[in-house]
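Both complexes shown next keep subunit A, but they swap its partner, so subunit B is in the first and subunit C is in the second.
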Partner chain A sequence: MIRLTIDGQEIEVREGTMIADAAARLGIDIPVYCYHEALGPLGACRMCLVQVEKMPKLATACTTAVAEGMVVHTTGPQVDKGRKGVLEFLLINHPLDCPVCDKGGECFLQDYTFRYGPPQGRFQEPKIQKVKDGPISDLILIDQERCVLCQRCVRFMDEYVGEPELLLEGRGVETVVTTVEGRPAQSQFAGNVIDLCPVGALLAAPYHHKARPWNIEREESVCTLCPVGCTTLTTGRDGRIVRVEGRPVVDRNWGWLCDRGRFGFDFATHPSRLVNSRLHGREEAAARTTREIGQWLREVVAQEGGEAIAVVMGGLHTTEEAHQVYRFATEVLGTRRLVVSRDVPGYVPRGLNGTFEDLSAADAVILVGTDPYESAPVLHLRLRERLKNRRAPLTLMGVAPRNLSRSTLPVETLVTHVGQEADVLAAALKEAAGDHPAVAALLSQGAGIARGIDPTQVSQLSRVLREAERLVVVWDGVEPDVEHVLAALAQARQGQTTRVLPTFGPSNWRGFERAGFDARFDALTRVLEDARDGKIRMLILWGADLLKDYPDRRLVEQAYERVEWLLAEGVFVPEGAEHFDAVVPGAAPGEVYGTYVNMEARLQIASPSVNPPGQARPTKSYLTAWAHALGKPFVVDEEWDPYDDASGDLLPEEPLPQDIEAIRAPDLPEGGVELLVSAQVWANGIPSQILEARLEAAQIARISPLDADALGIREVGVIRVESAEGVLELPVRVDEHLTPGRLLVPLGVGALPVNRLRPGVVKVQRLEEVQTP
Partner chain B sequence: MKPEWKEWAQEAKKQFPRANSALLPLLHRIQRAEGWLSPETLTEVAELLDLSPQYVDSVASFYSLFFKQPVGKRVIHVCVGLSCMLAGSDELMHALEERLKISQGQTTPDGEYTLLEAECLAACDLAPVAQVNLRYRGPIPPEEADRLLTEEVSS
Partner chain C sequence: MLDEAKAILKGLGTTFKALAAPRDTYPYPEKRREYSPRYRGKHMLAKDEEGHELCVGCGLCEAVCPAHAIRVVAAEAPGDQPVSWTNRYSVDYEVDLIRCIFCGMCEEACPTNAVRLTPFNELAAYDRQSMIADKQELLHPAIRK
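Moving on to the complex of A and B:
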């Protein structure tokens, strides 16, 4: 540790710390453009000049490491003069067009110039003119005249993301940030450069000329489009959300977002947004619909009791809304049939759930089934950051029916058949700790064969399972047996840490569970079977869309047909609208206050920016009205608090699961193409006009070049997929990285109803080839 | 991509411990052969050295003597530094522009001449100074601009 004094305050920091970071710990603000802790020191902007005693000249706080006994002054006439000089240089060619700049009012160049800068520059010559509002992509604009060449954006894309799409072109005053040959940046992380840009150079195209900072309020919120739950700031204006930015949380996250979350906020104002109540397929006044539903509820409860009603929680609801529904269902209706909408059968018990801190501290990470780049993009960035930390090496392996390795994140993948992941993991566990009673119990039905998998790879995996001190498993929940392997693994590794991060949705499923709903897939299946068998008279979907999400479409259809009353609340009309007796419009994220629980089991607060549009109402107003119709007292408990005193913003800890269920070795397919499903944030079925083109491009099935060749498809085509369950026509494109013998279909896309079939071997036939320009 | 480029890339790589050090020599060699560096060339160089096209573009655009547009057989640089300006470089430039019927930064349609300005060429004793294919010529009073166009030079 090094002791030094900054502005008269003593502080002790680790060797190698930069003065800027040491000062930040003391709460001393040093102005800076180029430096960002996640990117490391560069020293390009010269803004962070400070005075260090015994140093002949001013030093840059971001590149000067602390030394024992150092005395630093971050203010004073000398420092002010230095900063003033730097700003005069930075402004030589700056257009000073703050009045028409989106950043005006929230710009570091403006703020620092106000604080330190000269009121006037001495430079008389004409300013150099460059590109203004030129495109970096369809979503990002660049004003090269305002750029101070801090290089944050270039370095972020190159070093941090590993997709070097931006570059500095030219030299000296002519230098500009641009893309190669003006080709648009494609990376799903490119939007972060807007947040990183300390000046008005990089701008969000959808927010361009939309608002002035003094007209808007930025509310702290949480992205709900995937289970990562990135922290955000939402900007609302005139009743619409117009912008989403990343929100860094000290010591927890850098505030990165993927472009799906950053620009996909407009689903709440999408033309397909449900804003009117629908009764028997027609739009109806909200009061009449609510009254009508109240009567149905009264009838069912009076005739058969509350247990004849089941509630399926889903969608983008908050934990509080789920709790209100839970209380209404248990206290007013009197039913315990409360389940969560699920699109994959896997489940992670709270006792196994890990956090992002576990990921940062891990010495081994195993991806099971999931490709975080597609299913949880910011998790991909976290993994990359962890992998790049050379001081603590990380073993990164994968067990999945396709190769998970990417140029930005190399993953040693054991490529399994569809449905073989649990068995392969079990085989490695057998080799690592076959004698452990938990493992023996797991294998008692003969699993752990790993047929067709290279034994050296299995041994490699078993070594990781045995030796890793802190192991994190990231899992997509597609194959339910994996849960039992993970439970056995955690027991066998007693003394070492084993944590699981689930990448499946709905994004707030753990919050629904916290509120009292059963999040297990089997519970949902039981409800649907009971509905099919006539044991349930009324099915209420609160945000859920089962025809789209539930893996067995046939069962949902049968349930929908059999129940007497089918109701839905949501932001969109669920699929199969003809089945529904009533659909009422609900509030979307950003329209109500509440908490969301992410894949870490961490509670995060979201404040509303706007009010629900049209007739859309928050959950509690429906519930209060129906309780009234039932003649029962129901006061929404505003005081209910999902937080726990002992565990803070994490849900209460639970012990490791003790019961180990034996798994069976799967019947492996012989040849043929195997159907494989995965959750993908760019194809999660939530619409966006801003991202329309990109979403369309992602909502397509994928095959390997080898299989495409065999089918006679060069880039894009339509195929006929056949299995025992039925036949499906799917648009398909060639994916260079996809493992041959696999057909990958995103979950939850209305146009790709993959839940008509089961994962596994299918017959594939070409219908047509689509010529792309 | 010309077949010999692969060989050149190998030779350049051998001289340095890291691939990005081989970039400048390879760009020089290719420009000497091709006259200029097209966008396609830069992409291919990136491939040859396993560098990102962004990095190669950054480097190539940093140096003003890498030509990213085709140039003529004679590339004339007129120094516009302070001494040369006082000694009449503006007039020299105008004379050349009139004679060649192009503006600075352009190449004559017949592909003979390219006229460019140069920041201080560090030869104030020869002001106003110019370069023809990088050979210093000066002092060149504006009325003698023709000398730059007719004098024999090695390319």
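Moving on to the complex of A and C:
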């Protein structure tokens, strides 16, 4: 520890700390442009000049490490003069076009110039003209005249993301930030440079000239497009959300977002948004629809009791809304058939659930099935940040039916067959701790043979399982048996930490569980089977779209046909609209207050910035109306609080699961192409006009170059996929990263109804080749 | 008796004195008062010599307005047809003349000298709606007769 004095206050900090950080601890504000804690020191902008006693000249606070007995002055005539000079230089070629700049009003260059800058510049010569509002990509604009060359954007893309798409070009005053060879930046993390830019040089194209900081509603919110649940700020203007920014939370996250979350906010104003009630397929007044549904509910409850009604919770609802539905279903209707819409069968017990802090502290991370870059982009960034920390090495392994390694995140992947992940993990566990009773119980049915897998790789995996002090498993939930392996693993590793981060959806499934719903896949399957067998008369889908999501499409179709009444609430019309007796429009995220629970089981509050459009209403309006129709008192409990006193913003801790279920070795597919499903944020079925082109490009099945060659597909084509369950026509794209012998299909895309088939070996045939533009 | 007569004469004296005195009122609208050129009346939006609007829709007038009487919606100019002198312009510019207190702070805040208060002060209408001056109205300021 090192003691130093800053502005007369003494502080003790760790060796290697920069003066700027030490001052920040004391609450002393040092102006800075180029320095960002996540990126490290650079010293490019010279804005943070401070006076250090016994140093002949002013020093930059962001690059000068503290030293014993140092005395620092952050104010005083010498510092003021230094900052004035720096700002005068920064403004020499600045166009001073604040009235037309989107950053005006929330700009550090403005703020610091007002606070520290000179009243007048002495530079009289004409300013250098550079590119204004030029594109970095279709979503990001650059104004090179406003740039102060702090290099945050360049360094973020290069060092942090690992996709160096931005660079500095030219010399001296002619230096500009530009893209590599003028190609648009394609990275899904490129949008973060907008937040990073301290001046108005990098701007969001969809927000361009839309609003100013004083005429907007800027609310703290949470992104709901994937289970990471990034903290955001949403900007509402005139009843529409016009911008989403990342919101850093101290000691927890840097406020990074992926472009899907940053620019995909417009689904709530998408033309396909449901804003009117539909009764028997026709648009109908909200009051009439609500009344009619009330009649049906009364009829079913009077004739057969509430147990003839089942509620499936899904979509982008808040935990509070789920709890309102739960209370309505149990107290007013009297049913216990309350389940969560699921698209994969896996489940993670709360006792195993880890947090992002566990990830930062982990010495080994195993990705099971999931590629975070596709399914949870900001988790990918977290992994990269963890991997970059050279002081504590990280072992990163993958167990998946495809190679998960990327140039930005090398993952030693154990490539399995489809449905073999649990068995391979079990085999490694057998080698690591075969004599542990939990492992013995797991393997009692003969699992853990890892057929066709290189034994040295299994040994390597088993070494990680045995030796890692703090292990984090990131799992996509596609192969349900993995849950039992993880439970046995956690027990066998008593004394060492084993935590799991689930990347499956719906993004708030843990919140629905907290509200009282059964989030297990089997519970949903039971409800659907009961519906198919005629035990359920009314099926209510609250935000869920089962035909699109549930892995067995035929069962859903049968259930839909059999039930007497089929109701849905949602932001979009669910698939199979002809089956529905009534569809009512609900409020989207950003339109209601509530909490969301992310993959860490962490509760995060979101405040609304706009009102629901058209006839869309929040959940409680419908429930209150129907309770009234049923003649039962129902007061929506605003006081219900999902928080727990002891566990803070995490859901209450639970013990490790004790009962270990034995798993079986899978029947391995023989030859052929294996169908593989995966959740991907760019192909999760939620539309966006801003991202339309990118979403379209992502909503396509993928095939390896080797298989494409065999089929005669060059870049894009249409294939016919056949299995025992049926036939499917899919558009495919060649993906050079995909392991040969695999056909990867994103889950939840209406145009790719992969739930007609079951994952496993399929017969693939080329239909036609689509001309690439 | 004499006192009463005195009082009447005194009163009439005042009346006749006032008849001869210069008038305080004006025969409006036949005759109009001269105002100072700095008089703050109805707003206008100015254009430059080339006919481009000076307003860039920065919204500073909206921000500074103590009566919340101004509403500005900005947008990017359609590619080939510049509306203002730069690529940003105001699509909507409204002044609620009932709310406005004619303090002139919008004029003071305007970085491009686009919004100006003219001496025009004949502000009357039959309903409140027509007291909201829209952009077209402000671009074509009324001239005092």
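Quick note on the criterion: the second predicted complex is superposed on the first by the 773 of 773 C-alpha atoms of A that agree within 3 Å, B and C clash if a C-alpha of one lies under 4 Å from a C-alpha of the other, contacts with A are read in each partner's own complex, and residues count from 1 in each chain.
We take it that a residue touches a chain if its C-beta (ideal position, glycine included) is under 8 Å from a C-beta of that chain, and two chains touch if they have at least 3 such contacts.
Only a predicted model underlies this, so the values are computations on that prediction, with no experimental measurement involved.
When the shared chain is aligned, no partner comes close enough to touch A:391: not subunit B, not subunit C. For subunit A, the partner that touches more of its residues is C, with subunit B and subunit C as the two candidates.
In the superposition on chain A, A:122 makes contact with neither subunit B nor subunit C. When the shared chain is aligned, subunit C comes close enough to touch A:208, but subunit B does not.
Of the two partner chains, subunit C is the only one touched by A:99; subunit B is not.
In the superposition on chain A, A:181 contacts subunit B only, with no contact to subunit C.
In the superposed model, A:171 makes contact with subunit B only, not with subunit C. Look at A:158: by the touch rule set out above, it reaches subunit B but stays clear of subunit C.
Those residues of subunit A whose C-beta lies close enough to touch subunit C in the complex are 97-100, 104-105, 132-133, 208-212, 214-215, 238. Only residues 158, 164-171, 179-181 of subunit A touch subunit B when the two sit together in their complex. Taken together, the subunit B residues at the contact with subunit A in this complex read 39, 43, 52-55, 57-58, 61-64. If you check the complex, the residues on subunit C that touch subunit A are 56-60, 62-63, 72-76, 86-88, 111-112.
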